[in-house]
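Each in structure tokens, the structures are laid out below.
Look for chain A in each of the two complexes below; its partner is chain B in the first and chain C in the second.
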Partner chain A sequence: MTRYIIRRFLQAIPTLLGISLLGFTLIKVAPGDYVLMSTFDPSITAEARDEFRRQLGHDQPIPIQYVEWLTGVSLRGGNMVDNMAPMSKSCRYFGSLNFTFCDRGGGLLRWDLGYSLATKEPVWDMLRSRMPATFELGIVVLILSFLFGVPLGFLGALFRGSVTDQVVRLLSVAGQAVPVFWMGIMCIFIFSVLLGWLPVSGRMTISLDMKFSLVDRIRHLILPSFVLSLGPVAFLTKLVRTQVLEVIEQDFVRTARAKGLGSLALWTRHVQRNAMLPLATVLGPAIVGVINGALVVETIFAWPGMGRLTWFSALQRDYPMIMGAVMFFSPLTILSYLISDILYAVVDPRIRLR
Partner chain B sequence: MKRLAWRRLLAGATLVAFVLPLLAACTTVAVPTPMEAAPAGPIQGGTWTEASSADGTILNPILASDSASFDMMPYYPGLLGTNPKTGAVEATEMAESWTVSEDSLVWTFNLRSGVTWSDGEAVDAHDFKFTYDAIASELVETPRKANVAGIESIEVIDDLTVRVTFTDLKCDGLLDLGLGWLPSHLYAEDFSDIMDSPLNTAPTVTAEAFGFKEWQRDNFIAMESNDGFWKGAPNMDGQIIRVIPQAGSRLAALENGEIDVMGLEPTQLTRVGLNPDLNIFKFKDDGYSYIGLNQANPANPLPGQDEDGNLVEQDPHPILSDKMVRKAMAHSLDYEAIINKVYLGQGYKLASNVLPAVGWAHDASIEPYAYDLEAAAALLDEAGWTDSDGDGVRECNGCATAEAGVTLSLNLKTNAGNSTREELGVLVQDQLNSIGFDIEFEAIEFGTLVGELLGQSYEMVIIGWTGLGTDPNDDSFWHSRFDTPGSGFNFVSYQNPRVDELLELGLETPGCAAEDRAPYYYEIQQIIHDEIPYLFVTGSIGNVGYSNRWEGIDPGTWSFSWNIHEWALTE
Partner chain C sequence: MTSTTADQPLPVAASSALSTKPPKTFLTVTLERIRADAMTVGPLLFILLIGLLALLANPLGDLLVGVDPNRTNLDAALQPPLLPSMARRLVGLDQGVADSLLEVSGGVTHWLGTDSLGRDQLVRLLHGARVSMLVAFCAAGIAFALGTTIGMLAGFLGGRVDDLILWLINTFSSLPTLFVLILLTAIYKPNAILLTLFLGFFGWIGPARFTRGQVLQIKALDYATAARALGASRLRIMWYHILPNTIPLIIILIMVDIGSLVLAESVLSFLGFGVQAPQATWGSMLAKSQDFYFLLDPTTGNRVAWHLIFPPGILIFLTVLALYLLGDGLRDAIDPQLRIDR
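Right, the complex of A and B next:
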């Protein structure tokens, strides 16, 4: 198992490098760029825009920009020491090869995601400052999803064909079919504007003299986590219901029943355990799904998380920031799937990881 | 809102028209009556809360380029004031008076004494010079370099006197001096710490009504009142700007009392209007919406001028380079229906490029194109675009600009997510197709649209200008010098040597007097109206919804919150 995990980690390195290259290229070849977006203002002249682009190094070919982002090393044709020196730690001109080499510092290979173009802040600091909000919402949503999704699924299967089952099935279809943004706005309208029970948006009540209040935090968390967990709850309900129905059709269940096993023991010892196996495999994708889904919910409820940061950075073409998000979410995704695989092996002894 | 004032100073054309009589006479501007301190009565305390759709990026006036950031940094003093109602330049900020040389190139500003940063340091000429020298520095990566391009030198005569020398006469040159001043005493003299200064995210001093308190990214920014503000200590405790991206959520927050003010979309007017706790401030915004018609071949964008400044002949667009076609388009849009149905009445008809807000330069005698489908059809027939095969789409049968048989097919784009423009696009498509066009309409992501627009690889685009300000100069839209694929704003490849000349004359009029400049702009408007590089859809009307629990709010077109230090809670 340890060897398996180590191997998976090693495999992740080239995968991540590939993702970074692909991500960088895709962002760069997409139409519109940061300089255009940030200077879409008739009072800024073409000369000023070109100068800005040169200072940022965005006038260089994509491979050179990629190397610069990856290593923090700039390469320019000709003697550019005077041009480049103010922005770099050290610059040297190699006359025989006629190119200038500058060490700008940073670069992914030196564990540095660089600086955001828009805010000039370190990308890592920006990501880190949004993590608590996203993880808070994400963890609550995951807990809610399993807390409601699993029992509902069992309930549906247990009373297959009954009114309870119909209601559960209806809810699970509705939960997946209703768009999150519509649900979000309806919830705000009903619970905040009409009834005035819950705050419209944000993560806390904002005032000049703010103090931490758990009740206040929970009140703000209710609507976004409810809306965001609808989809996962519906998905899990359906999955568990199908799984349970499949398991109770199996021979060993019939045998157990024939041997006179009580229904409680049958359910807890045989059906539940076997029906839960696939849950381990969906945990990884569920984590990723919750993070992705958070984007819309974070926007509607003005939740200051990473989804919104990534989205706005993409709109602004803030390349280092977008790449920072890519390089954060990609390992997280890989890790989530790895955890899924390991969990699967833990809950099902028949599986051996090699 | 404050943003408006900033945006105008930054993006558009402002100021000069109203200073012009002073310029010519080379006089000293009289000191205005100083603002009186707030009477003893107003209730003290309370927090004014705004909502912004986006978070700011950086709290440094020379590095920021987005209006959300400028909204969030009311800490930096400026040289010149803008009258909130008229847009006229006023000596209500740091410049108390000024003199101008005969040739209008040398401006000497006398600064207000006794204004200090909140740490006790004086705000003086060195701060002004430092700020502009920083923009020019190679160490500072900023798109604002254009602000210093026309400045030959800035000299500090003494602490309270500064002299700015411009390289060439430019009647809207004062605009370049509109940026907020940095506290020079907190930075390294050689500008080496500007890019990564902690002050960029947490300014420690202020010379305006509010000082920075706390900024939680994508969440809110809190500011405390500056009791040492030279115009008078604010009555309120401070202000907060909350970031709420979704318009519906902002409206809910306004109705709920969680915020005090927001810019309204036309669809939100009724609900706010019916709410007894809310007011609406309506004003003619200094912008317009239009459909840009690319007159050059999108497959082969060429610059408007060569390196020596000679006009470069464009590869013409096979359809849109035909003036008759453009005129037919102008006649086939039902502007009244568009303004009423798409803009829900929040707009007005427009004949050409100078807005009525710039009264002295606006030619009101030009009539907007009338909605007249028969005239439009006749124009297309006359131009040789007829439907010979009866499929409802016209083809070139003897037209001047395309090969025979080419169909009257065009692509129209706008930015996705702007529901007004998306609705307009569908309506325009419908109306043009009804007289034999074949319009393909698509809404694409804004960044992609900007790329195609400046790259001049589009055919027709629905977009708009905001923050044009009170100066009529808009040479960046029409002058062939700004037809530079990839970066220039004359992305319709409009080329007219007479308009080039008039735009230059308007900017270089000796003395810059309004009455001397106006004739040039009148002629430009007539030509632009006749040649139709844009289909002018509507002038913009802005609406701000705000809570009535505050008194003293006296909004102007150019600034909503110019007297925010005088506002007080009603109870």
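Right, the complex of A and C next:
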């Protein structure tokens, strides 16, 4: 098990490198010159801009730029210590090999995601300040999904072919087909605007003293979490129903029934346990689905999370900011797949992770 | 069935019936099963209808309304649908409403009302169908052409090629797709063609992974081994033995995928990163509707948002639903063993 986890972590390294390569390429091909955009002052001369470019390393070949972006370390031929001084204090010239080594700090490997073009703040600080809102929404949605998806799936399988089953099946297909944003707009229009039951948007009521009120928070959370959990609920319902139907046709269920086991014991001890196993594998995809869906739902409900931040940055073409979100969510995706694979092996000892 | 002995010739009627009846092929059997299943025929007809409406968007718009999808008329902005008031006039109720609506719009029949710039909703919905269908079907085509080719290569060649392709698949599937698509579309404000390419390029992973698995499975079967023993080349085995066996399952995947692509296109348009204005798309029409939650019609006092929120959303929902149901139905028809509902 430990060896498996270590190997999976090692396997994630080339994947993450691939993602960073993709991200770097995207930033490089983005229109608009970074130097020109950040030195808009007309009194800055072309020579000064060139100098700035040299210091940033934008005059270097693309592969070297990639390494600098990734590690924050600059390598230059010849003695460039004076030249690089404004960018880095820790430059050393290796005379025997005739190159200059500068540790400029930062770099993606040290989790420096760069600065936002719009606010000039560090990208990571901006993301971090929005994290609680997104995690709050995401965790509530995941809990709701399993809380409703699993029983609904059981209900469908238990009364297979009945009206209940038909309704469950229809709901599970419809839930996956309904566009999240339309559902959000409809819910706001009906429950907030027409009926006035729930707040239209935001995470809490803005007031002078900004006192924390749990009721107020929950009232704000109801609509976004309902809308965002529709898709996962539908997906889980379908999966659980299929699983249960598969399990009840197994020999051991027939044996249990033949030896006269009551139906409650049969369902709880034999069917339910086995049908629940694959749920562990869908935890990863569910998290990924919630991350993607959060972007849309946060936008509609003005939820102050990372998804809305990304959307807003994209409208302003704030590339470092969007790139930071991509670089943050990619490892999270890998991690959630890994956790769900490990969980599967934990709940089902028959699975051998190799 | 009556028993026949060897020396007794077959009855003439039976033998002629046998000879005139065309042999049951895979295709005819599948078509028969589809025809018997209302939950597949219905969605199929609906998709064909949407496709037809999309194709005939221009003549239909001219016939029913007679204005361009991008023609604005601020006098007739946010008009409620004409259809209900026309219906009431026909049965002799409320002469005035329909007439006053027509007077404001200058005689143009806005059957489904107008948006905030006075553009006709019905015509824009028709043109939106065009974008949705075109982008989704073409992107699915690209994704599957790429995906099956890559998947076949990986599964069949194995070794280094397989390792490389698996690495690519892993990398792509670890990306938060929506975020990357937004990054891409923020860099290049896309038109329909570029958007199709983006969506197609990010859609190849599913088909590739699936085809690879199928190829690995089929490659180990006896007939593939037999073909190799008979001296068939790799290309021949791939083309004649493996591809035909994967195609039915791939068709199912395509249907479900087109549904997801319709959703993806509408999400991007909704967020403002899809096909750019003024081109009408279902998603961007919905995005506009958010501004009018609270607006009341000054004369009637009704909310104006109804006809902005519901028609585009219902169209997206039904189209995606139909494609998903079609996928389910085709799966049952092509391979009843895979049936889930039982």
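Here is the rule we use: the second predicted complex is superposed on the first by the 273 of 354 C-alpha atoms of A that agree within 3 Å, B and C clash if a C-alpha of one lies under 4 Å from a C-alpha of the other, contacts with A are read in each partner's own complex, and residues count from 1 in each chain.
Going forward, a contact is a pair of C-beta atoms (placed from the backbone, for glycine too) under 8 Å apart; a residue touches a chain by one contact, two chains touch by 3 or more.
All values derive from a computational prediction rather than experimental measurement.
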First, second, both or neither for A:Lys120, with chain B first and chain C second: first
Which of chain B and chain C A:Val200 touches, first, second, both or neither: both
Contacts of A:Ser330 with chain B and chain C, given as first, second, both or neither: second
Chain B versus chain C as contact partner of A:Ile291, first or second or both or neither: second
First, second, both or neither for A:Tyr319, with chain B first and chain C second: second
Partner chain(s) touched by A:Thr25 [first = chain B, second = chain C, both, neither]: neither
Touched partner set for A:Ser129, first chain B, second chain C, both or neither: first
Partner chain(s) touched by A:Asn79 [first = chain B, second = chain C, both, neither]: neither
Which superposed partner A:Phe301 touches (first chain B, second chain C, both, neither): first
Footprint overlap on chain A, comparing chain B with chain C: 30-31, 185, 188-189, 192-193, 200, 299-300, 315, 317
In the complex, chain C residues that touch chain A: 167-168, 170-171, 174-180, 182-187, 259, 263, 266-267, 270-273, 283, 286-287, 289-290, 293-294, 303, 305, 309-310, 312-313, 316-317, 320-321, 324-325, 328, 340-342
Complex contacts: residues of chain B adjacent to chain A: 10-12, 47, 49, 54-55, 57-58, 63, 65-66, 138-139, 141-146, 149, 175, 195-196, 200-201, 213-214, 216-220, 222, 224, 237-238, 240, 242-246, 248-249, 252-253, 255-256, 258, 445-452, 454-455, 465, 474, 476-477, 482, 484, 487-489
Contacting residues of chain A [partner chain B, same complex]: 30-33, 35-52, 55-56, 86-87, 115-116, 118-121, 126, 129-130, 185, 188-189, 192-193, 196, 199-203, 206-208, 210, 299-302, 304-305, 308-309, 312, 315-317
Residues of chain A that touch chain C when the two form their complex: 11, 14-16, 18-19, 22, 26, 29-31, 160, 169, 173-174, 176-182, 185-186, 188-189, 192-194, 200, 238, 242, 245, 288, 291-292, 295-296, 299-300, 310-311, 314-315, 317, 319, 322-323, 325-326, 329-330, 333-334, 337
